[in-house]
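Listed below are the structures to be examined.
Okay, so chain A shows up in both of these, paired with chain B first and chain C after.
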Partner chain A sequence: MNQDVVNIAGQSETATGVRLVHRITRLLPDEGPLRVALMGGIGLSSIVVFWQLVCSVFGIPHYLVPSPIDVVEAIRRDWALLASNAVPTITEAFLGFLIGNFVAIAVAISFVYNKIIQEMYYPGAILIKTIPIVAIAPVLKIMLGNGIEPKVAVAALICFFPTLVNAVRGFTAVSPNLLELMHVLSASKTEVFRYVRLYGALPYVFSALKISVTMCVLGAIVGEWIGANKGIGYVLIQSMYDFDTPRLFATILTASGIAIAGFAIVSVLEKLVITWDPGETV
Partner chain B sequence: MNRVVQPKPEYWAEAGSAASAIQLAGINVTFGSGNKKVEAIANIDLNVSQGEFVSLIGHSGCGKSTLLRVIADIIKPTRGSALIYGESPDMARRARTFSMVFQQSVLMPWSTVLENVRLPFKVGSRNLQSSSQAMDAVEALRLVELDGFATAKPAELSGGMRQRVAIARALVTKPRILLMDEPFGALDELVRDTLNVELLKIWRKAGTTIVFVTHSLHEAVFLSQRVVVMSRRPSHIEGIMEVDLPSERTLDLKDDPRIGAQVAQLRSMLDAG
Partner chain C sequence: MTITRALLRVVAMALAAISFAIPVSAASKDVTLQLAWLPNAASAGEIIALNKGFFDEVGLNVTILPGGPSANTIQEVLSGTAEIAIGYAPQIMYAADKGLPIISFGAAFQKAPLTFFSLGEKNITSVADWKGMRVGANQSSAPQIAVLLDNAGLTLDDITHVQGRVPALLQDQVDIVATWPTNVADIALIVDHPGGYNAQSIWDNGLQFQSNYYIALKETLQNEGDMLNAFMAAVDKGWAWTADNQAEAVDILVEFAPALQVDKETPSLAVIIEEYIYTDETLESGFANVSRDRWQQTLDRYAALGEVKDSLTADDVHDGSVLAAVPRTKRD
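Presenting the complex of A and B:
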């Protein structure tokens, strides 16, 4: 009898908990970006709280795993250092992003215009892609020196392949009906490109740009690892040698912040450029 | 059988000749080679007069679209000759003698309705734009009663409206020949009936020659002056039926018993093939 009472009490306690969560989530709008953001925020906060609890309860030393509070402390302390080192990394990543994507799209266009060039060089391009970027970085350092150039080159190289592959796919993934129409209208190759292929490829190119905008930050950091005295990659290595784990975490957050900002900018651009529904055939 | 008396064409069909618009002689189309060789069309002769409305019907895969594509210079015939006003299909295509409407509207989803209709002026022979031969894009939209939708994107339109835009795009160059490949095949019956009547109105007003591929016997009879029945692969012409209907064809005529009788006649011709 007593047992039963305890059981029932326990059940009602969990029920209250469930009801509480329900009540909180019911306060949020049913759908839309606000709900996505808030629900994501709640999920993320729960992980941060759990992380803080684990660190505090088990007394994990902060040079092994810093608690969220340690990381926030490090960000406040090293704010100026992180910001000043973010500038070269952003510069390298941005230049690499521009160069890598520009070259990739130019090569993709040459493939579309000349089938023979595509047959000869596309397989080679895919082969080069299989070489790990970290393995190419030292070569680039020898060739390009200690300045900004090897970092930009790594970032550009890492952007190049996803955009090349997607742009080639985009330029060729044109509805055959539209090509037939352009043939009946006696359109030239350039006209087909300008009025059909370019627009057809844009959704593909933008998915590639969203990948490469985060990858170019990685490329710049890898470039900095090989040899640099400034930048996010340099601070990462330096923090590791100093056993300053909270600063290491703060630097990681900075790097991720740069990538998220880039992703957001490209996403906004995509919304502005692609005003039609790419999935729809009309 | 009564021939439809053409009112004086308003534009673009040159008056004064009962000339052949299209002459096909001994057309043969073979796809592939070796063991995979498929003979799609075997030895087709067909003449289409200027201003005529001719439908091609047949079982699916019988090569009626292939024949239309030979006229449109999309497919080169393996043997035989195709002449469009005495010119090769290639020359006729460059001269914009014909326009084509497909089963899908094939609009550019990123452009407005007006920009889509203007496409024929932007590509190919640009000098057409200034010539008196062409009409204004807005005028073409008015012809299909879509002038209020010039700035809309194709995605905002219904399937029937999109197909009307495609027709406006085909008419804007004032072609002497309109080639239509199952243009209303993807639309529901009510929309199809409305567009049938509108197409006849445009045809009568424009005096253009129309070659119309369809798998609907009813549609073929309702629209055409002549219906060309094609046999199964390898396709040849099984027979040609002159349609016996008044020249003024309105929606009421859709349920006329004369249409039913002629549909039955077409069906027996098809079954024979």
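Presenting the complex of A and C:
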């Protein structure tokens, strides 16, 4: 008898729990950016709370992993330092992004229009991808000097390959029917490029830009590791060697913030540029 | 006629401008100094010399390039990126061994600070106790470890050499860790350890080389000895000023390298000046003094291990002409 009472009570508790979850989920917006932001925010907060709990319960020493509270404190204390050092990193990453992608797209166009060039230089492009960036960075410093140039070069190198591969694929992934139609209409090579290939390539190029915009920040940071007294890469190394893990994490978050901002900007640009259904052109 | 006169006037003015410009550019020579590491208390004297205008006073327009974990200062000098660099003894010996045209002409640090720390509980009181231990140090430290072990009758096979830093020691991933005691932030974690700690420095265990050597191309030493003399005079003044005005020097350092922290650099600078820059030897021989005998002993030790050629002598790695020509601060 008593057992039954407990069971019934247990069931009713579960039912209350389920009802509560339902009620909360009903409060959430159905879809759209607000829901994305809200759900992402809840997920992220749960991770942060878990992180703080693990640090507090297990007494993890700060020199190994700082607690989120320590990191927030470091951001509050060092925000001016982080902000001023973000400027050179953003500049290097942005210039590297521009140069790397511009060259990649130009090379991709030359590949599409000249098979011999593609056959000759595509292996070279793959070689660039396989170069360990950390190893080539000091060499770039010796070649390009001590200013912003080697850092921009590292960022550009890291951007180059994803965009090249995607752009080549995009420029060639054109329906043969469309090319046939343009041929029937006596379209010139330029017109075929402008009205067919470009439209076919843009979705691919934007996918690549989304990858390279996050990679170029990494490139700029690696570039700063060769020798700099400003930039996010410099603050990272200095904090690492000072065992200032809260500031190290704050710097990592700043680097992520820069990459996320870049990703968001490219995503918005993609929405503005690609106003058609990419499926139709391919 | 008027046009010709006007033209002549322009030419005359241009010539005058050039003739004025030449002495100015000759008076101030562009020199690039490559640091061995990120700017910090270990390069305070050079940064102060720049900030306080001591380089300008001797006619040098110096640019200081920061180093870092991936910087190779020897390569920077060889490629001409920097005329002068700060380098470590092993780098210089390996460069000389390869026949690279590099030479050291002074050393800011009178002794190399590399020290091996262990926690008190392990009771490692001498290098002889290292047998069977895990030693955390950079890969490039292997020859130094080998010399120390050799002096204690051990070999590299008797220990496990792993990459590890101070946190690895505190987490019991290594038994011994190599670091510079000048990095106060680094050793604070060990010094604060409740069970105490033990330390064996390379200096006290039979490997006596100096550190933060000033290096240049041999060609620069031959052709631009005056520039190197002027440089030495300015850094001597820079370090002396730093020693006398440590608090202000730290402020200038932090301004130069904004990620530095005053509370960490202040004790580091004090240790560097008291223990490494000014010693009994600098009281006698002056700032940046280099002992040729020690160079020779170090080369012999490295040659015995097969790290460098037997034929290398102190003259291959050091030239005393700059130190001989420049009167330097004598203090301890």
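The definition used in the following text is that the second predicted complex is superposed on the first by the 257 of 282 C-alpha atoms of A that agree within 3 Å, B and C clash if a C-alpha of one lies under 4 Å from a C-alpha of the other, contacts with A are read in each partner's own complex, and residues count from 1 in each chain.
Keep this in mind: contacts are C-beta pairs under 8 Å (C-beta built on N, C-alpha and C of every residue); 3 or more make two chains touch, one makes a residue touch a chain.
Fair warning: this is a prediction, and the values are worked out from it, not measured in the lab.
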Request  = Could you tell me whether chain B and chain C fit or clash when both sit on chain A in the superposition?
outcome  = fit
Remark   = Once both structures are overlaid, the C-alpha centre of chain A sees chain B and chain C separated by an angle, to the nearest 10 degrees, of 140
Inquiry  = With both complexes superposed on chain A, which partner does A:I226 reach: first (chain B), second (chain C), both or neither?
reply    = second
Message = In the overlaid three-chain picture, which partner chain does A:P68 touch, first (chain B) or second (chain C), both, or neither?
response = neither
Inquiry  = Between chain B and chain C, once the two complexes are placed on the common chain, what is the minimum CA to CA distance in Å?
reply    = 49
Request  = Find the residues of chain A that appear in the contact set with chain B and again in the contact set with chain C.
outcome  = none
Remark   = In their shared complex, chain A is touched by residues of chain C numbered 32, 34-35, 38-39, 63, 65-72, 75-76, 79, 81, 166-167, 170-171, 183, 185-186, 188-189, 256-261, 264
Chain B partner contacts - residues on chain A that touch it in the complex = 175, 177-178, 180-188, 191-192, 195-196, 199, 274-278, 280-282
Request  = Would you mind writing out the residues of chain A in touch with chain C in their complex?
outcome  = 61, 63-64, 81, 84-85, 134, 137-138, 141-142, 145-146, 225-230, 234-235, 237-239, 241-244
Chain B to chain A touching residues, read off their complex = 72-74, 93-94, 96, 98-100, 102, 104-110, 119-120, 122-125, 153-155, 157, 162
